[in-house]
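Structure first, commentary second.
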Amino acid sequence: MSTSPAVPGPAAFLEQMMLIRAFEERSAASFAEGRSPGTCTCVGQEASAVGVVAALREDDLILTNHRSAGHLLARGADPGRLMAEIMGRSTGYCGGKSGTLHVSAKELGVILTSTIVGGELSLAPGVALSLSMKGSDAVVACFFGDGAACEGIFHEALNLAAVWKLPVLFVCENNEWQAFVHRRETMLTENIASRAAGYGIEGRTVDGNDAEAVFAAAAEAVERIRETKTPFLLETKTYRLRGHFEPDDQGYVDKDELATWRARDPIATLRSRLLSSGALTTGEAAAMDRRVAERLDAAFSFAAGSPWPSLDQLTTNVYA
Amino acid sequence: MSTSPAVPGPAAFLEQMMLIRAFEERSAASFAEGRSPGTCTCVGQEASAVGVVAALREDDLILTNHRSAGHLLARGADPGRLMAEIMGRSTGYCGGKSGTLHVSAKELGVILTSTIVGGELSLAPGVALSLSMKGSDAVVACFFGDGAACEGIFHEALNLAAVWKLPVLFVCENNEWQAFVHRRETMLTENIASRAAGYGIEGRTVDGNDAEAVFAAAAEAVERIRETKTPFLLETKTYRLRGHFEPDDQGYVDKDELATWRARDPIATLRSRLLSSGALTTGEAAAMDRRVAERLDAAFSFAAGSPWPSLDQLTTNVYA
Amino acid sequence: MRTITPYDAIGEALAEEMRRDATVLAFGEGIATKRHDLVAEFGAARVRNTPLAEGIIAGTAAGAAATGLRPVVDLLFAPFLTFSMEEIVNSAGKLRFLSGGQFSFPMVAMAMTGAGWGVGAQHNHNVEAWFVHSPGLKVVMPSTAADFKGLMKSSIRDDNPVLFFLDVALLHTPGEVPDGDHLVPLGKAAIRRPGSDVTLVSYAKTVHGCVAAAETLAAEGISAEVVDLRSLKPWDEEAVLASVRKTGRLVVVHEASRTCGVGAEIAATVAEEAFASLRTPIVRLAGPDAPAASSWVLEQAFVPQADAIAEAARGAVARTLSLATA
Amino acid sequence: MRTITPYDAIGEALAEEMRRDATVLAFGEGIATKRHDLVAEFGAARVRNTPLAEGIIAGTAAGAAATGLRPVVDLLFAPFLTFSMEEIVNSAGKLRFLSGGQFSFPMVAMAMTGAGWGVGAQHNHNVEAWFVHSPGLKVVMPSTAADFKGLMKSSIRDDNPVLFFLDVALLHTPGEVPDGDHLVPLGKAAIRRPGSDVTLVSYAKTVHGCVAAAETLAAEGISAEVVDLRSLKPWDEEAVLASVRKTGRLVVVHEASRTCGVGAEIAATVAEEAFASLRTPIVRLAGPDAPAASSWVLEQAFVPQADAIAEAARGAVARTLSLATA
């Protein structure tokens, strides 16, 4: 049994979020320069990623969706190997086979990035079943979007996990968009967490742009799962500040809605709060900027300098 | 626009239910004699069928599942053509191609019997969409089981119908069993109607063994659907008194549970209530028995005397 | 003639058919956002965004088709069809038959597929053969802008469920499209280049590889006929057999995995029906029996390219010659 | 040797493998009810009923397989696999590759299929070719009680996802099963009857039709070799090619629809790899490209029967002779 994670301070959250944001922006820039394929960034949703992941123990496992860079980096993924994967290089976490959309990293306990919306939901109960049959009290965190909550597999996964008492923290990152469709076009209710009742499990909605609030809610949920052996549905309310998939000019997004949420940017908000409360000095903030930039410079040059996979990789790893 | 259906008296319900019960028992006997393939009977669930169907107008449409004989007969299907279909004869509603498990009858507004659990749920919103795009105020009644409520397509169908404001009466016939699995092994909640809230629509649970109560609830639901253009989830609580699919000795069924529900047999209950209240005389009851027997004798000899489909039917009706 | 992309050709086809027939409607995850001009012209009831749920999108299309509408649904990428197999195969494909002909299912399901975007195997998987193998369905997969338009219009008018596959590599490359009511019949192949020594049968992006190969081969004195199937179900047996009877040699080329792919059906049919005309073993050139990797170099290597096609054709021709001289 | 039904042979295979390996578990809609002896021996945690939801059954198997368990799931009837295509194809089949080999997916998905019960096209649809066409999966479909057992045991031990198809017509007919730890390797065909004039390749129920046909043919002086594929992916190319090289004639027989079926792959491969040995056109005998009707007479007529197989073989032999004498 691993010990519970230490409570991270807000400054640590801030730096993690800055790293994620910068990673995504560089990744988008790399696409724009024609150096990597399009990608789904998690810009605007960093607080949800760092808050939940911080609440996990080392032996807890993660499944996530196409907007997974935040979860991976929060979990400690090496930005260089992650970017190499996005660029399709042999040094990436999956040798370039995954690319941006299916990254897994066994060494980090990240079982899956599913680019099939709902794929993460379909596998999560089985992963939790393995844990519980081993007698472990580890949990599985399964990240998915408000769109995935419309897929039938959402219903099947929550119901099975409930009936079989599987330790899954279902994390719905409700960012108001499902590619080019607004959430309001896809459901009559405002919250997804309210669906938990239909499965006889607990659900809760939390401000997904506040890393500390997310952390507190996730930590409590994880504790309840370990205690009760019952899954939990946590909804983090946040917003997709960039487009769905690069390139995307967001021409279809309501300007006021976007402005409202830009004003609630989880990074800017936390940074200015910490600066104005004195918890962070401008010097420390500048040092963070520098550290992030340095890590990313190194990551991108590692990735760009890495070799392509050899052509025999076309047919390796198909069968065990 | 058709006019609303006349309120049927309990005696009419009783005779319909008796016809359905007798049809199913003969159909099971016919299987036992090797004259037709196995079948899923609706023995025990007749009240739910006749109550809901009576609440529909002639221009309302029906989709149903593998336990559809009750819905078809309540809708006025000819027992002879229905039995011919079950026996695979050319005079059946579908020329023998459907057999017992996929019967449809366009002339009766029965679009589908789906033997894929959930198939009826997947098609119902589209049928309702046709109606509403034509400007009709007809509704679609979609019958499915508690098992189907575990399929992802249940979730997708209810959500789409809710968001698109489609006139669907979702009727969950909760008979406590899902083939060889008890409902309690498949969900933590007692009711399925409570899931309606997750889609922002209304749901209601009714005693499915009381034809009049079912009728009243269905009539009210249909009225609300026509008014509000919003789907409705009606759950009829009933019980599968025979096995899942012939032959099935129900060896796996708890004896007490079965006995409890046998005591609540919708036909015996109504019949004795009507007899003891004087609403039905023994003479009238005997006449009912006779009429039912005569109709079924005629039906079974029609079916058994009907020709098999010709072999060219192997490849007809594949394409339009 | 105008020069437009296949993406725009599909848009024109939808608009023209919706104008012509009030029962045609379109829905899918984002189609109303992406094709806003259609919403503007035909209204929100006929061009709809949907919740993210492929099963019910396909099922709703089938239900609507059975009762008088002609839906076109956009299921985005072919691997997402795995979430709508039940509705497409068991309902749309079988219920006409099972109902004894009482209902028909005039609907079109679109899905993008193939290499080109580096998005990997959960977006890029050529599964057209599944639907060719399933009863009651039709399947098309065009290679030119004109065919995207003409086949889409015919698919919408067809009274059966049609799977319409869009090769992503072609979608944004402009091509010529005839003016007016341009229809291409389902089930008719196109001879993209006539020839007499070897028949290259293909569809979608690899047709262009075949044409390029044929040009290379022509310079070497080998005359290759390029047959573009366009429709995979029904497929134009007559055109393929006629070509093979003329050339005596067959190379079938597609991006989809080789095993049980459409090429297997073509090869098997030719081995049955035109056996006596064959002067050389049939050759299939297809994607490996492996998922598609995201990495650009691997993604491209997955697809049979012009060089490999030319080499296969050369091999076929050479082999006959050596057999003949042996 | 004991004489037991394939249904019981599967039960034995499950019990033996669960005894041998604590990571093996089984779940599905009713499996704990129907195989109560397994619950009694291995406990409710390892033999589970599930909610009625094929998608999550398959997905849970894939998730469990990726993390150390070896699940066997019962998906009942093949058409219900349409509800689990996403999980089987996109996850179980592709994620080993996409993860660069980090995870493997040792799981077995069972489904019944084929004519015999008069239950119609939503229960009876032979879709094995879909999975043969999809990367990363294995597919088996036995014809004898011994193979049901031996292939199930090998499937459970295999580190890849295996689709295990059970022909309903065979399931309750007893047959001989060797005692002890009886294993049949995946990928190896069985020669059910040796012969020299024509090769009959088949699998599942039609193997028995081929054997019956071979007996009829023998009486007429035609020696037919019957090859039972048993595994459809990988399939035993070597055995089939060796047989065809010997006989020079190939008839492929299966119940599944002809178009893009497994027979197409066999025929295409032979036309590529053993072309020079073929003395006559390949013949495929398969189910029509139509849904299966429930009506008993139509259901039976769907399946290639011994008479038709013998006739096809006779035709093949006669055709060569007439070519040779022409």
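Chains here go by letter, A, B, C and D, matching the order in which they are written, and residues are numbered from 1 within each.
Everything that follows uses one rule, which is that contacts are C-beta pairs under 8 Å (C-beta built on N, C-alpha and C of every residue); 3 or more make two chains touch, one makes a residue touch a chain.
This structure is a prediction, so every number in the text was calculated from the model and none was measured.
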## Note on the structure
Hopping only between chains that touch, the fewest steps from chain A to chain C number 1
## Note on the structure
Of all chains, the one whose CA centroid lies most distant from that of chain A is B
#### Entry: Mean-CA-position distance for chain C and chain B (Å)
41
### Mean-CA-position distance for chain B and chain A (Å)
45
### Query
Can you give the whole-Å distance between the Cα centres of chain C and chain D?
29
### Task
Please list all residues of chain D that touch 2 or more other chains.
50-51, 53, 55-56, 79, 82-83, 86, 90, 97-98, 120-122, 135-136, 289-291, 293
## Note on the structure
In chain B, the residues touching two or more other chains are 96-98, 102, 114, 116, 118-119, 150-153, 155-156, 159, 163, 185-187, 318
### Query
So how do the chains connect up here, line, ring, star, complete, or something else (other)?
complete
## Note on the structure
In the complex, chain D touches chain C at residues 79, 81-83, 85-86, 89-90, 93-94, 97-98, 120-122, 125, 127, 129-130, 132-136, 233, 256-257, 259-265, 267-268, 270-273, 275-276, 278, 280-284, 289-291, 293, 323
### Task
Enumerate the contact residues on chain B facing chain A in the complex.
150-156, 159, 162-163, 185-189, 194-195, 197-201
### Query
Within the complex, which stretch of chain B touches chain C?
61, 63, 92-98, 102, 104-106, 111-112, 114, 116, 118-119, 121-131, 133-134, 152-153, 155-157, 159-160, 163-164, 316-320
### Query
What residues of chain B sit close enough to touch chain D in their complex?
36-38, 88-89, 96-102, 114-119, 147-148, 150-153, 178-181, 185-187, 252, 308-309, 311, 313-315, 318
### Query
Of all residues in chain D, which touch chain A in the complex?
25, 45, 48, 50-51, 53, 55-56, 58-69, 71, 86-87, 90-91, 95-106, 135-136, 138, 159-160
